[in-house]
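Next come two complexes, and both contain chain A; in the first it sits with chain B, in the second with chain C.
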Partner chain A sequence: MTPETIFYAVGMPIIGVFLGLVYKGIDRRVSARMTSRIGPPIRQPFWDVGKLLLKETIVPANAVKWIFNAMPILALASSMTLLLYIPFGIIKAPLEGYGDLVVILYLLTLQALAMAIGGFASGSPFSSVGAQREMVLMMSYEMPFAIVITGFALIYKSFSLSTIASTPVWTIVGPLGGIGVFLLLIAFLLVTPAELAKLPFDIAEAETEIAEGMLAEYSGRNLALFYLSDAVRGFAMMAIEVVLFIPFTLSYLFGLNLSGATLYIVEGLWFLFKVLLFYVSAVTLVRTSFARFRIEQASRLFWVYVNIIGLLGLLLIWLEVM
Partner chain B sequence: MAKTTYYVPIGPIHPALKEPIRVEAEVEGEKIVKVDVKRGFAHRGIEYMGMKRNAIQTLYLSERICGICSISHPYAFVIGSEKALGIEAPPRAQYIRPIIAELERIHSHILWIGVIAHEIGFDSLLFWTWKGREKVLDVLELITGNRINYAMYMIGGVRRDLKESHIKALRDMITYYWEFTEHMKEVFLSDPVYKARTRGVAQVPKDMALKLNLVGPTARAAGLRMDIRQDIPFDAYADMDVKAVVPQDIVGEVRGDAYDATMVRIYEIEQSLDIIEYCIDNLPEGRILAIPNYIALLNKIKKTAGEAIGAHEAPRGEVVHYLKYDGTRDGPSVWKVVAPSYNNINSWGYCLLGAEVADIPVVVAYIDPCLCCNDRVAVVRDSTGKMLDYSFIHKKAVEKTRALEKELGVRK
Partner chain C sequence: MGKLTSFKRSLWVFHASGGSCNGCDIEIIAALTPRYDAERFGIKLVGSPRHADVLLVTGAIPRDFADKLRRIYEQMPDPKAVIAVGNCGTSGGVFYDSYNIVGPIDEIIPVDVYVPGCPPRPEAIVDAVVKAWLKLEKLEKQLEGKEE
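Right after this comes the complex of A and B.
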């Protein structure tokens, strides 16, 4: 075990949780400003987690206790693992070479699945309805997501994120492929709120309909773990989007000649800024300007329209690569 | 065989409900296959309290029946009382009363529009509409001194006069809301997501609306031309031509769903603006109270016997007060209140059957339920389901008090 491994094992989760919560705070603040409210301070999510950790954890009498308690840990672990597969700007992914985009797809699914299983295990009708909805929603949005990943695999002839990150996608495709990648970007942006269970696709956690759905019975430490895994997943998802669609570094854009610590700081901040851009446009803006869909409406949206967009993009890319 | 249906209890405490009521639904997947609505969680015995007080106290007690309709109940009360007692309010008061009542309708309708947006998960619209609602609350505060529970009406008139500054504020407000309703039409009626969530949801056809005794905007959304201000006009409403707002007049067709209910309510805000404008344009001069001395008023009430029904079109529908003065005490000897939600809740069972779980909040909210107005009686049953009568419950209560006294050693 090298010092580097220990750093990644301990440091990455801490950084991931920190950044995830910061982005959550910014998201809430921006959303509040958009609806002419003042909004909570950026550090509010940290306080929320702190408070949840202090609260009593209640397990419902008719829940399957060990599944009910294990699922929050599984969810957090899967989102933490996710972080290790993503190259952050110029920093290489810690687990580079041990997995690729397909693993990321599975890890994202695993987290949602953990929540659904937790919902089924809690034995409340609201959680069951929520978990059913989550399953239906997952079946709907995984297909466009897979299409996007296939599109990239076609271009790069590889599923590896590091390969994709090393050369921006826009520089290696022609005009036809460019349109294709753009369509994939649209499909991916549409999948994002569903993947992160945000409005208008927070159907599985609809507050006014089924009282927070899958999370209805969760409280205290378990809820805090779900909250953290949600925050980390939000950050990781946006980081993937940045790596896939705008991996341009500052040095590349402006031909800067930076080295050493300056390089890492400047590029790190630039990367975080790009993540923020995606976060605000794909999550905050969307969740502030839409109402919640019904489950069958959301399913139709993904199965028909988003799939058409994605497949069209894939077709264009295929035409160019052939 | 595996169980295919879930039992989903909605309420008495649930995020979709602002007040306690219980909807018991049997759910198959997302579809509701069996539904039962149970009321009776908010009985407060307010009529009984009213029958022990004098008429002026009861008038302000009637404001507390509902949190939002804090003018509608007093309005029906004063109309009923004036009919029973043979008092007529001066013309100026008859014109001031509708102004306040219509201001309340505007704020109640905007509140409802915000609530329905929240129920379908559109919180940004909730904030936006409620921000727009502040203006009318400010005007109400300017005129009456309160944002809610205005204490404005009195048997035989109103307690506060309208000043020039108030009229100026009202005119400002009218211009503001003409713009605001235009925005609301754009944002709600042409929004595809809003349409997707409300079209065909909570749909009540015309004949069913009659059968279920629906009232107010809920009935008008189903195409029934009924409005107390049109059918039994009173005060200044009799001078102007108030017509019930129905979807067939606006777009030419009626579907009777939550979308139509939204449309009716937005257009009713405009109608209210017209009424307010008419009232301030034609505001007569003169007194505002028929009997300014409250002691004299109470003495008159004590000497007069009579009974009457007072009705007013509240924002949610018709509110009816039955009052009987027996000529021996200075308050009503019988006071009976029928609130609009009592009729409108009938539609829940019909609308929810066959609907989806996601539609529950819309169905619950589209009638703008006011549950604290509703419960007129509380029934206590024993374990076998037998209804317990009052004298038995009273006897038990006395027994328990005696037992507690004995246990705690209370000295008389």
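Right after this comes the complex of A and C.
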């Protein structure tokens, strides 16, 4: 155990939770401003979690107790592990070399899967309906997501996220591939709200029709863990998007000659700004502007339209690479 | 720990509509609109009683709904508070002697804050939620005392 390992094991999850909650707060604030409300303070998600930790944690009588209690922990653990695979700007991914984009795809799926299993285990009809919807939605959006990852693998001949982060994708593709990558970006932006279970794809957690769906029976500490895992996953997902599509560093863009602590601070803030950009455009704007889809509408959207966009992008990239 | 502060700043409300005429329900929604914007105080409507801190009940309670209301109340995790909104909920209103009404809400579950009015103004509802905080804080202190 080197000090670095300890820092990554302890520091990264704490930073991840902190940033995830901050972005959640900014998201709520921006959404409120869009509907001409004042909105809650940025600190609101921290208070929410603090309050949830104070509340009683109820396990329903007909729930499978150990699965019901284990799933929130699994969800949070998988989203925190996710953070260790993402290179943040100029900081290398702590687990670089031990996994790649495919592992990230699985870890993202694992969190949603943990929520669905928790929903099935809670023994409430609302949760079961929510969990089934989540499974259907997952089957729909994983395909375009996999197409995007395949596209990047075609360009770089590698699944490694560090390789992808080292050279911006736009600089190594030609005009045809550029259009292809742009189509992949569109497909990925459409997948994002579904992946994060945000409107218009929060069909599995629809609070007005199925009483929060998978989370219906969760309360207190368990709900707080799901809340945190959702926040961390939101941040991680956006970080992946930044790494894939706009990994440009400030020093690269403007030819700055920074070194030492200044470099890390400037590049770190720049990275967080890019994440914010993606968060607001892919989640906040979309979730404030659209109403909820029905499950079969969402399924059709992903299976037909987003898949067509993604496959077209893949085809263009393939034509160029060949 | 400063934990009580987080209670004060984040309050999730579950809205159960009994035999209400929808008047009070609309006013509750009005409290969340841009004009009143209860979310800036951390007040949020949630879809499941398991997530809720406060139960808002509207309407005089019909016979069929009494049992369900009791179950909703029991499903909420402690500490919890109940607010009865509207004349019907607090006293039975114009339906006070109706044969299919069980009675005002406080005959079924313990009510902490009463908001009279037909319908009450959104300000009154926000004020009621503030009053419910006081009760929740007291309950929380009791719970902490029990643990020690």
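Observations on the structure shown:
The rule is simple: the second predicted complex is superposed on the first by the 322 of 322 C-alpha atoms of A that agree within 3 Å, B and C clash if a C-alpha of one lies under 4 Å from a C-alpha of the other, contacts with A are read in each partner's own complex, and residues count from 1 in each chain.
The definition used in the following text is that contacts are C-beta pairs under 8 Å (C-beta built on N, C-alpha and C of every residue); 3 or more make two chains touch, one makes a residue touch a chain.
Predicted model only: the values in this text are computed from it and were never measured.
On the superposed chain A, the two partners chain B and chain C do not both fit; they clash.
In the superposed model, A:T57 makes contact with chain C only, not with chain B. Judged by the touch definition given at the top, the superposed model places A:K65 against neither chain B nor chain C.
Residue contacts after overlaying the shared chain place A:D202 against chain B, while chain C stays out of touching range. After overlaying the two complexes on the shared chain, residue contacts for A:F290 are found with chain B alone; chain C is out of touch. Of the two partner chains, chain C is the only one that A:D48 touches; chain B does not reach it. Of the two partner chains, chain B and chain C are each touched by A:S36.
By the touch criterion defined above, A:A211 lies against chain B and chain C together after alignment on the C-alpha atoms of chain A. Comparing the two interfaces of chain A, the one with chain B and the one with chain C have residues 35-37, 126, 206-208, 210-212 in common. By the touch criterion stated above, chain B contacts chain A in their complex at residues 6-9, 14-16, 27, 29-30, 117-125, 127-128, 131, 191, 193-194, 196-197, 356-361. Looking at the complex, you find that chain C touches chain A at residues 3, 5-7, 9-11, 33-34, 37, 39-42, 45-48, 50-51, 53, 75, 77-79, 140. Of all residues in chain A, only 31, 34-37, 125-126, 128-129, 132-133, 199-200, 202-203, 206-212, 288-297 touch chain B in the complex they form. On the chain A side of its complex with chain C, the touching residues are 28, 32, 35-41, 43-44, 46-51, 53-58, 126, 206-208, 210-212, 215-220, 223.
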